[in-house]
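Going by the order they are written in, the chains are A, B, C, D, E and F; count residues from 1 in each one.
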């Protein structure tokens, strides 16, 4: 039950992008094509899960015992940055097409609030390891879910004639707003 | 110094070192070389992604440019000579200057000169119309006036004149990207040398019918009489399929051909007005600035 | 621009940077430790003084924690001139719209409520957050009432409390927290 | 580029929020009121300016492969500084902004400017760039915060203009997207008019 | 329940106003212009020159390749010119113009009207004769018939399907042929069966032609292996894929030919032409043309010599009324609007329809409301609204992905669209573009 | 013949159907429900409808004319339908300025920002409705009680919708049998005698509209029926498991705008899938989400949210779920 609540809450009720406002830059930036958004969702899921595990260890086995909890931000981000860069280097070699598609956003996963945000939230909520992992995965799914849906809409919008001044950021934000509006319907479920 | 500070320093330094070590080995293992100059060249390019260079987007051109041994065949029409010069500098090379070009519409069949023979009622697209039939006038080569060329121009450089129904190119905005040339199903638009101060001479007609047929369908059509060919002192004009064509590399802008053309099919633009003949000007609405 | 990456210069650079940063941070941490603790204390103290009549002791210094209903309540006794003037109870409810709500409920020595302050909550701005004293007069209705003869339940549930419009859930949770504080106080006999 | 235009570009022409669409999370997440937006903006400005300075100093010494980790450690250090300082001296604002303070470290603008500007320029231009960008960011956040506060609760900086409630969505998540969408629209129009 | 195809389809008002008019032989014109490209495939090579005397049925242009067709003179007289003439495609293309002098037929042609039942030729001989006679599909596609009869190696024809559907509104030429040339049709079918080495032929006729169904059913009893099937009225049942689905419930796979499912489809007019070619040595130089229109004086069915100016055919039906806004060569769903009524009748001209001005103009297009009606009527299961947008946005790769090449250009989508969008205009364009890309890839 | 002949690609005939006719038929189909509403809510229903319709038309006109600078096309009737449906989703005593804001959001944000008719991914009327519901929760959830032939716009007599009563009751620990004493029975629900948005109350009138739309071939049955079936099945199972704490499936079908939403709003062409398979997925999604929100969420009713959420999936559904292509099933020997 714990797990179900965590999952539903993370995906629908407190969707990381649409209601928590984490990871909005890639949400707006990598959502032009369903294909790429799926790649991005995958990459984020991967990084987010690993990052949460690693930061969990870091927090509970190093920072807390040493009494230096205030170093969270610095320590976490350093680990995440290194991790992402590693993924980037590996991906460039293993799947150049995916690397091409994700373009500048791979390095920007580092600067994706979602990854650090989820790691921090998991620690803040004091979740045990397994729940942290589930929390991370659920949030990543929530991110991917919002991203892919949004990309679907944007792809469809490519085929219609959006008024000139609305093109680009404004229409993307409005669409995201309506999506967030719709997601408010999930309020109170957990 | 309290223990907190000590632990802090130890912890972070350890993390730092571990990160560096891990990154080093991963980087070694998965090494991919990408020429950093590609990014630099791409940054110099205008980013219009218009395809005018013949490559899929600016990045494609940048890659080709960096890899090419001989860059003289590569040219970004939008950026022009200045951009090419800068891009060449990245590679430490010189870019050869290319004469500026401009899109030229080779049809002068206004409703006045070229009567309608039927009323087109399909989708407003030259390509649709031309895949259906030869057009709504007697001339089956001429401009359909439905503006496919206008739609593809990324630079707002071309529009349809309401009176003549023909496209007009704004030579200041046109980057000679060639998108309109490709879009026109009637092959009416051509990229020609812009010419000194925009002065250029060309045959504003693509009608390949025999003289009589051509003349009947459009009063300003090239009838293939060959007078211009004979007149041209520089051998710049050729006649093929009843249609004269002026090679802009050979043309010296002497304007002799213009005078002899019996149907005013040869156009001169951006020349000072001739004294005696005034009606020429009215026949040449393209002289937009 | 950037230098070639070799093993030694990579490691060394990161080492130096982390070393310096951490040293600086450790120093800053030492500097701000005291103010942060003071700020946190001040927050509790303000809450206490908001909900109790005048006192002259340091209630926060003599807090007692009680496990109750699966959570922690904190009792702060206030005295003036050695005379007990009342007890502030930091109480909670998990039934808020956004989950946890923490209140500081001040009881006079005779058991009547003197005042209530919100310590923390995650209710919706514009709806549930009207429980904050600064945002609406909702809490005023509790002042001076005795929970013995004032039913701390919203009117919908047969109580005496006027709920915040369109925020019955928050109001219920608020009542729940207050009731809990009162029950604990009674049982604890303090 | 003159230092002045270096400073002012962040406001309109290269405004990180309205034009570059960077740092969207704090932009949307903290602007429930003008004061919160401004607080967030200023905190970011501090980090931006300081890290720009430091990075412009050390950039030449850093090997490519550890560039991002190095920069980020520097940035994170300043973020922790401001985090601690705010917790100590501005506890109310600190608790309002919550998670978004540590998240300054991943704000794309900060790393973005470090990469794009500070690592290639001298100390003074970097400082000015950081300040300019930061203030541009602050400007955007304050404007957005004010808009949302006005529409959502009829107040600006806490001063009530309209009695009663406003249009509640604007203090909630969807309203953030709507308000930013329309502000960008207006900014685009203004920028176009200017040029 | 009557048989029909499974996906999509529309039912436009039938308007078969000329159904009751017997086929009338049109008087000889003064001059004919016979285009050398009247069929799918390579244009024929003219074998006469200016000034040559020709007879009716004389070969004047030679088939030029495997997919091409012979062309014969439809009149006797003198070749006046071989010049481009505006034909019904709307382009000026080479045509042999002949000034009519008398009506002298080639001697080899059997002009008698008596039926000739027996045919002792082998399959190969039949196919060769069909080829010599220049027969092309009379159902509108004008695909050279001998090519269709030459079943490729490895494939086997199982059934011959005769297309008597005439699903297009207004047109009645096939209807009249079935009524008036029933016996010739049956013999033609037997010949085709022989050529294809199949035992069964199915004639599909829509239920709005009950007289043709009963007449042919009755005639068919005299011949073995010919069945007549009544079909529910549903456009585009005449499309060969739809007809095959309706009659034998097999679906021709995407990109494949009917032979893939063992079927060969021929039009009734084609079968009659085959009869005439094989039994009477008469090449294809005349055909039945419906001339119709709601405001026309006498909607009729004429037997017309190929090359006759369309204006003369219409004149025979009472002339073009004052308020005519559009003249269509073929049916209203698939036919081509004429830009000049002086263009000649060709082998593919099944009908000429004059529309009054008020019906001629298209209505103003509105925004696509994504009602999905185009999707639900598309007989190929495509998504016209999407193809339309993709074509306008030049997203041809995705169009290929969305099976645009399957589109049979039936026009059901444009017909049904409540927003009056010119869907097929753009789909056709995209289809051509995708076709080019696909061919370039194969090359 | 002296005029030029028209030349256009085929086809040369057209069904005669038009967007205006479709929209007009939707308006006709909505009239029975409007009549019932006016019967129970009186002048208020009329005033709210009038304000919503007029402001939707006005905003569409103004935005097209002055902001987009295109020829206004309000005569196509889509803004009229949006206005009507927006009104149908509002309580009949809503202050006029809130209605105007709703219309502005529906037309301005929901429709015109995306380029107008046919381009909007979300149902405009619902965007307007949900925007208002979240922005003005107090005004949007105090419903006038149904009183025959009332003649006021603003009326003091308000109450909750049956769904809200059930939800409150269940939250308050009551059982269904206790609650059912305070709520109308299923027959009353069918006839529309309940508190609620002005267009959602009379199931019977809405079903008449449904029949009309089907008869006129404006919509197909797939979406409404899949929604009904899903809601019925889902709530039916819950009810069978625990009848004391779950309302019966008929109650769920007849209340809270299921009828209005399923018949008129989920079927909006622009924002629903393009083929039957997709429609089923869409309908099942709406049904399931509706029940989830109703039973476990904060809102007593969930149709609006469910439709909006599923609207977001329509593009994905359309790209992934394709109509049955001809030649897909290769039957060699049929």
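We take it that contacts are C-beta pairs under 8 Å (C-beta built on N, C-alpha and C of every residue); 3 or more make two chains touch, one makes a residue touch a chain.
Since we're looking at a predicted model, the values are computed, not measured.
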| task | Note down the smallest number of touching-chain steps it takes to go from chain C to chain F. | result | 1
| request: State which chains count as neighbours of chain B and simultaneously of chain E. | output: A, F
| Hey, which chain ends up farthest from chain E, C-alpha centres compared? | C
| request: Determine the centre-to-centre distance between chain A and chain E, using the mean Cα coordinates as centres, and give it in whole Å. | output: 60
| remark: dist(centroid_CA(chain A), centroid_CA(chain D)) in Å evaluates to 20
| task | Please compute the C-alpha centroid of chain E, do the same for chain F, then give the distance between them in whole Å. | result | 49
| task | Please report how many Å separate the Cα centroid of chain D from that of chain F, as a whole number. | result | 41
| field | Touching two or more other chains - residues of chain C | value | 5, 10, 13-14, 17-18, 21-22, 25, 29, 97, 127, 169
| remark: For chain B, residue numbers touching 2 or more other chains are 4, 8, 11-12, 15-16, 19-20, 23-24, 27, 117-118, 121-123, 128, 132-133, 136
| Using the touch rule from the top of the page, what residues of chain D touch 2 or more other chains? | 65-66, 69, 73, 76-77, 80, 84, 165, 168-169, 172, 174, 178
| query | Name the touching chain pairs, please: which are they? | reply | A-B, A-C, A-D, A-E, A-F, B-C, B-D, B-E, B-F, C-D, C-F, D-F, E-F
| request: Sort out for me which residues of chain F touch chain E in the complex. | output: 1-3, 5-15, 17-19, 21-22, 73, 76, 78, 116-119, 220, 269-270, 272, 274-275, 318, 322-334
| Across the complex, what residues on chain F touch chain C? | 137-138, 141, 168, 172, 298
| said: With touch defined as at the start, can you tell me which chain F residues reach chain B in the complex? | reply: 3-9
| request: Please give the residue numbers of chain B that touch chain A in the complex, ascending. | output: 3-4, 7-8, 11-12, 15-16, 19, 22-23, 26-27, 30-32
| note | The chain B residues in contact with chain D across the complex are 12, 16, 19-20, 23-24, 27
